[in-house]
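Labels run A, B, C, D and E following the written order; every chain starts at residue 1.
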Amino acid sequence: MPLWWPLLLASLLFALGVYGVLVRRNAVLVLMGVELMLNAVNLNLVAFDAQLRDVLHAGQTLALFTIAIAAAEIGLGLAVVLLVFRTHGHVEPARLTSLADRDVE
Amino acid sequence: MTAVVLCLLGRPVLTAAVVLAVGHRSPHTVRGAAVAGSALCWLLAVVVAGAHLGDAAPLRRVVVETASVGQPLGIVVWVDPLSCVLLLLATTVSLLVQVYSLGYLARDPRYPSYAALVSLFTGAMATVVVADDLWMLLVGWELMGACSYFLISHHWELPEARAGAVKAFLVTRTADLGLLFGILVLGERFGTYRISEILSDLAAAPPMRDALWLPALLLLVAVLGKSAQVPFHTWLPDAMPGPTPISALIHAATMVAAGVFLVARMHPLFLVTPRVLTLLAVLASVTMVLAAAYALVADDLKRVLAWSTVSQLAYMFGALAAGAWSAGVLHLLAHGAFKALLFLGAGAVVHAVGSTSLSRMGGLRTALPHTFAAMTVGFAALAGVVPLVGFFTKDAVIGAAWEEARDGRLLWPWVAWLLVAAMLLTAVLTVAYAMRAWLLAFFGPTSPEHTGRAPHDPPATMRVPLYVLMVPSVLGGVVVLDPAAVLGPGGGADLLHGAEALTTTVLVALTGLAVVLLWRRRGRAVWPAMTWPHLPVDVLVERGLVRPVLRLAQVVRAGERDVVDAYAEGTEASVRGVGRLLRRTQTGRVQSYLLVVVVGAVAVAVLAGSLA
Amino acid sequence: MIGVLEVLVGAPALFAVLTLVATRRDDALAVSVALLGAVATALWSLVAWSRSGDAGFGATEVDRSWVAALDLRWHLGWDGISGPLVVMTTVVLCCAVGSLLRQPPSGGGAGRLAALLLLIEAGVLGSFLALDLVLFFAFFEVALVPMWFVIDRWGDATGRHGVELRRKAATRFLVFTVTGSSLMLVGFVLVHAQAGTFDIVALTSSYRPDGPVGLAAAVLVALGLAVKAPLWPLHIWLPDAHATAPTVGSVVLAAVLLKLGTYGFVRFWLPLTDPGQGVLVPVVAGCAVVGIVYAALACLAATDLKRLVAYSSVGHMGFVVLAVCTFTTTGVQAAVFASVAHGLITGLLFFLAGTVKQRYGTGDLRRLRGLYGRLPHLAGVVAFAAMASLGLPGLAGFWGEMLTVRAALSPAPDLPRSTFVVLAVVAALGVILTSAYVLALLRTLLQGPAGAAAPVPTDLDEPGPDAVASEWAVWSPLIALTVLLGVAPGLLLTPVGRAAVALVGQG
Amino acid sequence: MGPLVQAVDWLAVATPLTLALGAALVLLADAFAGTVRSGARRRPAPCITLLTVVVAAGWALPVWRDPRATFCVDLERGPWVCSFEADRLTVAVWAVVLFGTAVVVLLGMTPGAADRTPSGEWGFLLLSSAAGATTLAASRDLVTLVVALEVVSLPAIALVGLRRGDPRAAEAAIKLFLVSVVSTAVTLLGVSLLYGATGAVFLDGIAAAVATGTAADDVVVTGAALTVVGLAFKVAAVPFHMWVSDTYVGAPVAVAAYLSVVSKSAGLVGLMLVLGRGLPGLVDVWAPVLAVVAALTMTVGNLLALRQRHAVRLLAWSSVAQAGYILVPFGAAGATGSSVSEAFGASLAYLAVYAVLNLGAFAVVALVDTRHDRQLLVDYRGLAAQEPGAGWPLAFALVGLAGVPPGIAGLLAKVVVIDAASGVPWLAVVMALNVAVGLAYYARWLREVVRPASSADASTYDVPLGLGAAIGMTLTAGVWFSVVPGWLLDPLVVVLGG
Amino acid sequence: MTWVGAVFWLLAAVTLGSALLVVTTSNLVHAALWLVVTLGGVAGVYLLLAAEFVAWVQVLVYVGAVVVLLLFALMLTQAPTGPHDRPGPARVLPAAGVATLVAVLLASTVVAGFHGVSIDLDAAVVGSAEQTGETIFRRWVLPFEVLSVLLLAALVGAIVLSRLRGEER
């Protein structure tokens, strides 16, 4: 299998993730975009690991760690989202502008 | 002797300091100190002159100098006969003026500063004449100008005094740039700033004509400015609002004559640059006639005398241009005496009448007999009546010019002839304006405007100087018979010229006769009061220089705000503007931040890729 | 072991702290402490002079490593170039602090003001004595914030937008100066990259600017110093700063702080610059001369007394920079002499301007008239200072300008002579314009008829007393030194000349 | 094949390990104390936290004298490589991190903050994050580096949101969270590309692959660029800076201080490791890019700070600008023959000085926050007169940050940085101009601080012990570094650079 | 094209298609469900690439935990605006532009950089659980330990943030 196949898939997946992050109004959906990006990364890592036949299996290891990181991020992220929901009554980042740089002369 | 000279230089400064320090607290002390200081100066000058007049070896002494790289600066004195005679002239007139001022400014609250400035001026003049170092000369030279400025504006409440003072200072200071650059160029050419060394170099080395015209010309500019010659002639008449004793001291006898002194001092330099001398001759010719003509029509007695001074100074320059060093110097001395006499006399008249306008005088000979006598002597000396001093010195000058015209050693021939013609014409005009002023002031009907005031002769303090000055005005001619006795070996022999003397005498007599006849026939109406509100040169300067400069100043002021400041304001505004713009991007919407993050990441990657 | 020069730098700083402590108790006491400090520093500067000897940096030189990471050395030295400026600084500071004793600033807080002045003095003395570029830079910056405070806190805030204008003036002073000094620092590090040292003595003896980097360093250093000096067209922070600063602030700013710029030009810009490289030196000289003429014209049109004096400083500093640009011994002599003379004369002028402003409540030249009649003594001193300022021979102002012209007529061989001759002539014409505005000033301010032109409010009719003894005490050292240096320029020219030879070689 | 589990040099890892164990201990102790003496105001958490930091710092000392490495593996080709290396660069960063953490702990000890934040969790999160930062500084492979980076970030996000009933804190937290995770994703992508292109995750391995030319160049460059993003986000370099002011303003002051110093240091050391250790062969590529980034960062930061009236926001943007200065030596690395480590020495020196001064400023801000939580500059009016113990330290910190005396430390730090940039004159000039802009806004604040107090505000502050200690610590350090700058600069610049 | 290729492209199509739906569908719950499909597709690719353990972890952790968490979050934060997320063109266009940019950059880089390199799947060591565990504990102890700190910290952080609710004033 040519190496660039999975890499291309990962690239497109990452781009879709970016799109999702930028376009979604609901914070939870933004998080889903991030998940897509992380999956693209993992795809890359696993593909490279396979291609390199890495004795250290750094690629797979890092992919596993990334999954763990993603889980941690989601866990904390959802807590933050819930916090926002409790304090603001919505979870739309675009409507959170009370800290915008406006309090100037 | 060096110590005496230094005392001579330092004493006036000390006097000035004492006078200023005492100030108003003790008027008598001030007056005493001022006169005593001047007297001491005079005594010291006499001592110095006694030692160095005539054939005695000149005194040259380095008092102090900078021990540094390049050409050293320092206080270096050089006393020769020329210094001596000018010292005598300056200190004498200064002393007389101080005495005279006791009466003239008897009730003037500004006397302390006045006396201090006169004293300071004397010191400055002494510095100029004894200086060997050109920079020392420059210090004295400009200090004189500053004193002159303050003294002209003594009556600062008068607008014309303020204007005249500023004009005098600015014009002379502009011209002084010539001296500054002249000194610098001389220093560069000769490797020294010592006059004596420069002169001995000139005597030793073959003339370097091409190399020296520039410094000579530059010095000439300064000289023309200081001595109010064309084209700088307009400041002197305007300086007349100053107190009359000041006019006598500074604007007749000494400071304006410093220009002549400088040419005389540096005469060897000018002698090797005939083109500059020729220029001087031309300017002197123009000046003497022009100034005499102005004197003939001026209404103000002091302005008549001022124009006369300009004209007479031009005589001296004419003599020096013609190579007649001693004639020029002697006429300087003679003029110093009789013009001081005339000004002090005029001061007495003004003191009595309360005005300087000739049209407001008339018939004063009975009311002011002493003054009348003094003025008569003065005018006669000015006109060159035999056997007063003016006759001898003017004759020596005209004779020298005539010789130059005949022999043609220095000047272009036609210029020499022009000079002679101008001198003769000026001699005639001099008689005419002298008689006019004399007649208008002292003869004819009494002016109706001062009938109530009962003019009277001045007090003794003012009369004594008049008498003192009458002595050299009458008897000074003897010097001409043996100038070497006074001026040393450079003075030359007998300066009398028979033919020329006869010619001038005849001219003087004829002119005098004509004037008297006219006066007999028409009285005061002969001379309608003509006032020339603005001299053409002044108009030119006003329109071509002063106004543009002032306009430029306004432009600069506006430009400072709107143009030069613009870069600062512009930078500030653009910095602020960009800051505001950037702050607009801080919308608080996190996804726009993320957009920037992603775009930034791509940009960094692309940038790095393009560099790889 | 603390050296003589370290004491000289440290004393004002120490007394500044003591003054601050004393302010807690009493302002008058604090100012007295400060005055004591200023006088002690001045006396100690004489000690330092006598200990330093005449040749080179003498016995008082201190040189030890401070921060090895930066090649930064604690290197202080006194020679003929720094010495006169140090003495001048201490004298002016005595006068400035002394003046606070009887004329406290309008906003109060005389003690703190005095402490700030002493801090400035410490920084300035350190700069003059520093023989390491970064050390110079550090000391250079010491004076910055205190001066900013002086303007911002005690500045004149009369008028409708007074406070805003004052802030603007203070901030502009700060930003301009820091921009300049930061660029100068960049120039220093470029030199460091080339020469491997920040030591001024080593640079003077062995550094040869080379290539575009060398030129860039020279340009940057020139820029930084030009802001401080200030050189046209970077001067625009100056008039506002002066017009708003309190009297002592203006005095210190003009007499002392500007000298940091000119001193830098002499001390290290000369060794860091190759006069033959590019047109840098002629351009700087040209700016200096434009500044001379421009400042004179600006003075002619000025309507505020302090602003006029401020612009006149621009002109005088133009002479100094022109002198430096000749790269000759005479030029260096001229620059140092003119710097010292300007310090004395302009210091005096600002004191006088402050007094006039205090008596009349305004510095508006359109309203001030006839000082001769009202306050003759003050007017007399003004006339004296004005004459000194216009470069009257026999007073201190003359020699610097004369030597500048002399140097410009025969610049270093690498420089275009004809250009410099033209510059010299134009500079000399600037002297005439200078005379013109000084005379115009005297004519209206001193001699003008009271209230003739402009409608004069009644407060101008009662100006208060003529010069009082405390003011005379402040002015007289400056007057005396102005006369002394005018009469005996050799006092200064001789030591400066020796140091100058070390700097630019014989010629 | 070696033993089943890698051998560990416990002294090398003592510092991060202490922090991690301390974190757990704090959590437990607080929970225990909370149950035993419910409602008691005195809780052991802050003290234990502080003690942990001190002990961790103590472990760092022997390591500075004797650098060591652990978690090593033997590759089939080449020498042993280690995941964890505590060299002097690392220990220097540890020092900054630990100093910063200690000050932040003290800042968190205000009564108001203690009421609104659960102190056990606060200590736990802080120490976890610090453990991550110390590990990051010691990590020598990309896997550890990325994980450590996350350990720095996630607790910090929780800390930002950790204030009860404050919608602004929640807003700040979610913003920081989103930017953080996206940056992390980008970084991970970069790491994956680097791994793919070089076949290595160990920094030395990457360096070797780049040096021998076995790597695909374009991919390496792209991977490096993307890797840098997550680190640059932590450093708050432009264009990854936009979260800064929102987060700092919304977060508790102590957390803002933490983000501006400790988190920034972590990002910075990450950059040093990836670029300096992993990609020294590509210095000609990354140095110019970072030069541009540095120039943009300081300029944008300063321009944004220029007219701020809000103290924390001003400090936020100023910290961005300062990050730009810190990055300047990166931009000049490799120019005119200077070594990369010389440049990093300069950056670290600046970082250290910045940390001290910036924490000093934040300490006083935290104090003022106890009374004026709107944090406008006018709230500082007359502070020096009213509360000299706070006003003057703030004034000192501000002049130091501006880089003018008496803040000699700040001044010399700027000299160090500009000196390091002498190979790239344009960057030095940009920095010089920025210093001037910076001074303009520090001066505006300074003006408020030192102006005479109005009588209305004459009452003094009630200074909590922790804040007092924090102010004292930072002031002492700042003054000490100003008086004896060589004490700080010589080791950092000379030892690291040489 | 071998069967591997066919399977890969099939999985790729499924993955990308569902990913597109994740980011475009307006229904929140549908988005989460499409995410499950995407993650499954990716897991399939892992299996293809001989990363067996990673694939199982992917399914267990992601599909089993993360997506459930996300669904819970969606339920808990059901905003009054309803379950729909329809961004306007002002959001879509820049986002699409940037996403395209990213896609082009990445795709061109990897395709150009790894053109001609292929994965020898036959020689690949299958990443079984045993194999991977050994690697981790032999080689990657440090990041693993650090990761444990991370997970603990995230856990505590999440808990403390959620618990704040009860103590609100």
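Convention: a residue touches a chain if its C-beta (ideal position, glycine included) is under 8 Å from a C-beta of that chain, and two chains touch if they have at least 3 such contacts.
This one's a predicted model, so the numbers in the text were calculated from it and none came from an experiment.
Under the touch definition stated at the top, chain A and chain C share these contacting partners: B, D. Think of each touching pair as a link: the shortest run of links from chain A to chain B has 1 of them. Any chain bridging chain B and chain C, meaning touching each of them, is among D; the list is complete. Chain C has its Cα centroid nearest to the centroid of all protein Cα atoms in the structure.
Comparing the CA-atom centres of all chains against that of chain B, the greatest distance is found for E.
Chain pairs B-E and A-E differ in how many C-beta pairs are in contact, and the one with more is A-E. Chain B and chain D have Cα centroids separated by 77 Å.
In this assembly, the C-alpha centroid of chain A lies 25 Å from the C-alpha centroid of chain D. With centres set at the average Cα position, the gap from chain D to chain E is 31 Å.
Distance between chain C and chain D, defined via averaged C-alpha coordinates, is recorded as 43 Å. Under the contact definition stated at the top, the residues of chain E that touch 2 or more other chains are 91, 94-95, 98, 102, 105-106, 109-110, 114, 139-140, 143, 147, 150, 153-154, 157-158, 161, 164, 168. For chain D, the set of residues touching two or more other chains reads 73, 141, 143, 147, 150, 154, 157-158, 161, 165, 173-175, 178, 182, 186, 189, 193, 196, 218, 222, 245-246, 304, 307, 437. Residue positions 583, 586, 588, 590-591, 594-595, 598-599, 605, 609 of chain B are each in touch with at least two other chains.
Chain contacts in this assembly follow no simple pattern; the graph is neither a line, a ring, a star nor complete. Every pair of chains meeting the contact definition is listed here: A-B, A-D, A-E, B-C, B-D, B-E, C-D, D-E.
Residue ranges of chain D in contact with chain B, taken from their complex: 174-175, 178-179, 182-183, 186, 217-218, 221-222, 224-226, 228-229, 233, 238-240, 242-243, 245-246, 282, 284-286, 288-289, 292-293, 300, 303-304, 306-307, 437.
On chain E, the positions that touch chain A within their shared complex are 4-5, 8-9, 12, 15-16, 19-20, 22-23, 28, 31-32, 35, 38-39, 42, 45-46, 48-51, 53-54, 57-58, 61-62, 65-66, 69-70, 72-74, 76-77, 79-81, 85, 87, 91-92, 94-96, 98-100, 102-103, 106-107, 110-111, 114-121, 123-125, 127, 131-132, 135-136, 139-140, 143-144, 147, 150-151, 153-155, 157-159, 161-162, 164-165, 168. Residues 105-106, 109-110, 112-114, 134, 137-143, 146-147, 149-150, 152-154, 156-158, 160-161, 163-164, 167-169 of chain E touch chain D in their complex. Across the complex, chain B is touched by residues 91, 94-95, 98, 101-102, 105, 109 of chain E.
Residues of chain D that touch chain A in their complex: 73, 75-76, 141-143, 146-147, 150, 154, 157-158, 161, 165-168, 170-175, 177-178, 181-182, 184-186, 188-189, 191-193, 195-196, 199-201, 245-247, 249-250, 304, 307-310, 313, 376.
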